[in-house]
Amino acid sequence: MAVRVAVAGASGYAGGELLRLLLGHPGVEIGALTGHSSAGQPLGALQPQLVPLADRVLEPTGAGVLAGHDVVFLALPHGQSAAVAAELGDEALVIDLGADFRLSRAADWERFYGTPHAGTWPYGLPELPGARAALAGTRRIAVPGCYPTAVSLALFPAYAAGLAEPEAVVVAASGTSGAGKALKPHLLGAEVIGSMSPYGVGGGHRHTPEMAQNLSAAAGEPVGVSFTPTLAPMARGILATCTAKARPGVTGADVRTAYQKAYADEPFVRLLPAGQWPATASVLGSNAVQLQVTLDPAAGRIIAISAIDNLTKGTAGGAVQSMNIALGLPEETGLTTIGVAP
Amino acid sequence: MAVRVAVAGASGYAGGELLRLLLGHPGVEIGALTGHSSAGQPLGALQPQLVPLADRVLEPTGAGVLAGHDVVFLALPHGQSAAVAAELGDEALVIDLGADFRLSRAADWERFYGTPHAGTWPYGLPELPGARAALAGTRRIAVPGCYPTAVSLALFPAYAAGLAEPEAVVVAASGTSGAGKALKPHLLGAEVIGSMSPYGVGGGHRHTPEMAQNLSAAAGEPVGVSFTPTLAPMARGILATCTAKARPGVTGADVRTAYQKAYADEPFVRLLPAGQWPATASVLGSNAVQLQVTLDPAAGRIIAISAIDNLTKGTAGGAVQSMNIALGLPEETGLTTIGVAP
Amino acid sequence: MAVRVAVAGASGYAGGELLRLLLGHPGVEIGALTGHSSAGQPLGALQPQLVPLADRVLEPTGAGVLAGHDVVFLALPHGQSAAVAAELGDEALVIDLGADFRLSRAADWERFYGTPHAGTWPYGLPELPGARAALAGTRRIAVPGCYPTAVSLALFPAYAAGLAEPEAVVVAASGTSGAGKALKPHLLGAEVIGSMSPYGVGGGHRHTPEMAQNLSAAAGEPVGVSFTPTLAPMARGILATCTAKARPGVTGADVRTAYQKAYADEPFVRLLPAGQWPATASVLGSNAVQLQVTLDPAAGRIIAISAIDNLTKGTAGGAVQSMNIALGLPEETGLTTIGVAP
Amino acid sequence: MAVRVAVAGASGYAGGELLRLLLGHPGVEIGALTGHSSAGQPLGALQPQLVPLADRVLEPTGAGVLAGHDVVFLALPHGQSAAVAAELGDEALVIDLGADFRLSRAADWERFYGTPHAGTWPYGLPELPGARAALAGTRRIAVPGCYPTAVSLALFPAYAAGLAEPEAVVVAASGTSGAGKALKPHLLGAEVIGSMSPYGVGGGHRHTPEMAQNLSAAAGEPVGVSFTPTLAPMARGILATCTAKARPGVTGADVRTAYQKAYADEPFVRLLPAGQWPATASVLGSNAVQLQVTLDPAAGRIIAISAIDNLTKGTAGGAVQSMNIALGLPEETGLTTIGVAP
C-alpha cells in the first residue's frame, strides 16, 4: 500500500525536486502540498516541469493540512521546522530538509544561526559510518546540507582510515539553485552568467560546522575545515575540491584502497577509474556521487573531488534515500545513478 | 520477457540519451553497443553519466554484432543506415535516428543530402494524424529530426483545422548538443557560451523539407516553410517560434479550440493554460512537449511556440515512444513528462 | 573643454554601461550620479566593474542635483523623464534612455504604456534616414529601445528600397540584462541558465509600435510587425531574425545592393561578407551592428539578421553616439566597433 | 612615432585579444599578422569581433614576415618561440605569450614540458618585487601564465611579509577560453555548459612550478603549491581561491596591512573594501585584478581570492603592460581597469 506523503514548501527548488523524485517513486502517493506566499496558486504556474501535478493548488503551510500523512517533508526556511514537527506527533515520519536538526553541538548552532538549538535528529547521509542503523525505523530525519554531503563523502574515508591530518581545505563550486528562489540582486541571471564569485569566505558559511562534525566523527578527533564556497554559472551541481595533508608515510595506494573499501557496496557512490575526474554534468538529476582521489606527491596532500547534484543527492534525493531506509523500503527505490548529460 | 536491444552509435549524444532512457525502460534488456572510432573503449569513459553501463566496452559497428536483437537503434551518420538495415532482415525492428528514411519525395532528399534516396519508413511522430496506425507492428521506423518534431507539433493543428495560410515562418533556438559531438571550431564552449548565432539561413537547413512535408500533409495542400535555426548557449532544448498568417475570419477561440482538440488525448503534449508560455528548462530530460498558441490580432498571425528537449522528445525519447507503439507496449513506458528543472 | 555630464539612474544596467563608455570618452567629465533606492551607496558596491568610480557616492535623483551639467542622461523607469526634463531647462542636452519620448503617435503610447503621451523627441538612431539631421544641435534625444535598434537596422534598407511587403515577422533573442535589475523570479540565474523562453508574445511587447514606426517611415506606408522576443541564457546581446516577403521580382542581388548602399558609410554597421552570419559574442561591449541578409528563394522571403549588444548599441552606446552628434563631436568618439570575444 | 608590431599566432584566443587591445593602443601600428593552418584566410572569418582588421589576410608564420617590426608578439604553441626569437635578433622587442622562457630552473621545465630548457627571459608580471626594473628596456619578455598571474598576485604579499607558512593550497576556476581553440571533445559547448570539472589534478598542471617559483622568490624560501584547476561554464575569467596557514601570531590586521602596502601604488590591482569579494564578471575584458583577503580565525588560514580575465591581465593585457614598460611608455597605455559587466 502506498505511503502517503506531504510536502511543506512545494514552491521552492528543494520542494520541486522532491516532487519530481516522488512522482517516480512507486511506493508513494502525493498528498498535501503547501506554500507560504504561493498558497492558492496552481503548482503548474510555479513548477511548470511537474506536468502531472500542474493542476494541484498549494495550501497554506500548517500542521492541520500536514496531519494524516505517513511522511511529511519540510522544505521550510531555517528555524521553522521544530514547531511544525512538534504538532505532527510521532506517528509521522518527519524529514527536515532545513538545517534545524543537523548539528549535534548547541554551541555550533547558536554561533552560526543565532537562535536556540532545537535538537538533533538522525542524520540522513547513509554512507557515513553508522548512519544507516540510526535511520532504520526512525520517525525524524535531518537531511544534510548540500555542501556537507559533497565534502563529507569526499573526505571521510581518508579520515576514517587515519590517512589525513586533521585540517581540511575545501573549495566548492555550486550552481545557483543552491541559493534558493529568494530574490537577491546577486542571483539575477545577468549577474551570475559568465561569472564566478565566492561568498561566505573565511569560515562564515553555515555548512562549515556540519562538515567538521562529520569529518571529526570519522577521524575520532577534531577536524578543522577551511571552507570556501563559490557560485558558478550553472543552475545545478556541486564540485567539491577537498584536500588535506597526508599523514607521514601514507602512499597513493593506501589512499585508493581506503576509498575502494569505503565505497565497495555503496549504490550511489562511484569511485571513478584512476585518472578519470568527475564533472557535475554527469550527475545532473541523479542521486549519484562521482568521486576521484589522488595523492599529490610533491605537495604531500590528498586531493579528493566529488560531484553531486545539489538538489538531488545534495537535498531531495538524499531525503528520499533516507526515507526509504526509515520505512524499510529498498534504498534505491525511486532514485537513479544515471545523470542527464550532456 | 524483455526485448533485447542494440544501439549502433552509442558514443554520441543521441546514443547516450537513448541508453539513459532504455536503462529506465522496464521491458528492455540492453545488448550490443557499437561505435566507430570509439570501438574498444569502455562506455564509462565516453558517457560517464551512464553509471550502470560504465564497464561495457563498445564493439565496432557491423551487421554481425547487431544481429540477434529484437530492436536495433541506428544512431549513425546520415547515409549509413540503409546498408546496415538491409543486412538485419525483417525479423528485427530497426529504428533509424538518422535522416535517411524520413523524406517521402526523392527529389527533396537528393537536393538536401546529395545522395540517392534510400526510401521512406513509417515516421516516428505519433502525434501526427495517422502516424500511430503506421507505426503499429512496423519493423522499420524513421525517427523525425529534432526541429521538425518541435515545429510540426507546434503548427500542424492550425493547418489540419484549416486556420492558417500555407506559408509558415519559423525561427528556432537549439542547444548545442543538437549539433552532435563533431569537433568543429564554432561548437567550442568558448564560442557558444554567451552567444546566439544563426546557421543554415535562407532555406538551406536539411530539416526544412521535413517540416514542409509534415505541415503539407496536415493542410492537404503544399505549405512552404521559411526556417531559421539559431544556436543558443545551452546544452539541450529547442524553443520553436512558429507563425503563420491566419485565414480570414479566424478568431483566437478557433485557434485555441483546434489545439485543445488536437492534443486532448496526447500523453506527451501539454498545451499550457492561456497566458503561460513554455521554457525549455521545463522539459529538460523529458519526453514532453510544452506548447502555447495565440492569435496576434494586429499582425493577423497565429503564433505557436513549442519547447522540447532536442535529445529526448526530439530524438531518443521519440524513438522509444515509437518503439513502444511498434512493439505493442504502452506508449509511455520508460518515458516521462517531468522535466529536470531548474 | 570637457563636457560635464550627469547620469540619473547610475545603479542600473543601462547606467552602468553608460558610465563605462563615458569613462573612456575623451571629451567628457563625469559629474553627478544619482539613484533612488541606492542613493547613499558607493558606486563600487553596485557597479564593481567601474573601478575608477568606486568611491563615488550616489545622490538622490532630483532636478537640483542634475542641474548645472551640459548633458544629463536619464536612465529612469518609464514615465519619470518628462518631469525631470521640464525642470532642467533648455540649456542642457537631455538624453532619455527610457521610452517616454520615442513614439510619435500618442495613441500608440497610450495603448502600450497606459499613461498620457509626454511628447516626441529627436530619435537617437543616426543610421535611419534623416536622423542625423534631426540630432544635430538638438537639446533633447530619445534613445531607441534595444530591440527596435536591432530590428530597424536589419530591415529598414529593404523597406526604404521598396523590396519587401509591409508585414514583417521578427523573432529576437535577448540576454537577460535587457530586463534590467528588477528582482523578478523568472530572471533568477537558476531560471534563465540553460533555458530559452518567450515573453510578450502576440503583439504585446512595448517595442512593437516603435519598430513599426521606424519601418513605416522607411517604407512610406504602414508596415505591420509580428514581434516575438525570447530570453536567452546569456547576460548581453540581441540576435534579431527579421523576415518579410519579398516583393515580386526582387532578386538576391537587389537585396544585397540595397544593404550595401544603406550601410556603405556607416561607421558602426558591418554588413558581413556573403555567407558569414553574425553572432552576438562578436559585438559584446561594442557599439557595432553586425548584419547579414539573404533571400530565401523557395520561401520568397528576405531574411535579415542583426547582432548587437543590447546595453551598448542597444542603449548606452547609441546614447553616446547621439550625444556626439548633438554636440558636434566626431560621431565615433568614445565608441568602438571591436567586440570582446570570445 | 608609432611602434610597429607583429603578431604571430593571430588566429587564436590570445592573438585575438592582443589585437583587440593593440587596436586601442595609441602608440602602436599593427603590422604583420601570421598563422599556421589559418594562413591565407581573412582575419574577419577567424576573429569576427575585430572589425577594423576584418580584411587583413594572415601570412604563414616565419622569421621573414616578422622581421622589421619594433615589437613581435609570439602566441605560438609551447616550444616554438626560441627558434623564431633567435632569428629576429636583438633589435626587436620579442614578447612570448607561451611558456618557453618563464621558468628559471631547467629541471622544472624539463619535468613539466619534456624538452630541453630554452632559457629564462624577464618575467612580465610587473607587480612582483623587482619585476619592473627587469622589464625596463629589455628586448625579451616572458609573459606569465594565466593561473600564475592570478595566484601570484593573490599570495605574494602574504609571503613577502612573512605571514604565511610555505605550503599554499590553490583551487582556481577558469573560463574555457583558457584551453585555447584546440578541438578537443571535452571543450565542446555541450560538454562545458552547465558543468564544472577539474583537470591536471595532483600536481600535474604545468603552471604549478611557475607559481611556486614566484611565491618562493617572494618568501625567500621554497614554497610548495597544491594546485587544482577547474573548468567553469564561462568563456573568460579566472577566480583563484588561494589559502595558506598563517604563521603563529599573525592577525587579520597584519594581513590587510601587508596587502594594502603591496598594492598601494599598483594601477591595475584593486584590493576591495573589507567584506566585498571579487567576481570574474567585474574584470571582463579589463587588465584589472580584483582581490580580497581575510584571515579565517578558526582554521588559522589566510584566504586570498583574486579575479582576472584570463585573456586580458592573464595573457594579452599583461603582455601589453610589460611592452609599455619595456618601451618606456606610460604603463597603463591602451589598457583599462574597467570591466564589461554584467
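Quick notes
So that you can tell them apart, the chains are marked A, B, C and D in the order they are listed, and the count of residues begins at 1 in each.
By definition in this document, contacts are C-beta pairs under 8 Å (C-beta built on N, C-alpha and C of every residue); 3 or more make two chains touch, one makes a residue touch a chain.
Predicted model, so just to flag it, every value in this text is computed and none were measured.
A comparison of the A-D and A-B interfaces places the larger number of contacting C-beta pairs at A-D. Shared residue numbers account for over half of those found at the interface formed by subunit B and subunit C, and the copies are therefore classed as meeting with the same residues. Work out the mean CA point of subunit B and of subunit D, and you get 45 Å between them. Centre-to-centre spacing of subunit A and subunit B amounts to 35 Å, using the average Cα coordinate of each chain.
Shared interface positions of subunit B, defined as residues touching 2 or more other chains, are 13, 177, 188, 190-191, 193-194, 233-236, 278-279, 281-282, 284, 341-342.
Touching subunit B in their complex are the following residues of subunit D: 13, 175-177, 179, 181, 183-185, 187-194, 233-236. Touching subunit B in their complex are the following residues of subunit A: 13, 16, 20, 23-24, 44-45, 47-52, 54, 177, 193-194, 235-236, 270, 272-273, 276, 278-279, 281-286, 288, 290, 336-342. Residues 167, 169, 171, 173, 188, 190-191, 193-199, 201-203, 208, 224-226, 228, 230, 232-237, 239, 241, 243, 245, 277-282, 284, 292, 294-301, 303, 305, 307, 341-342 of subunit B are the ones touching subunit C in the complex.
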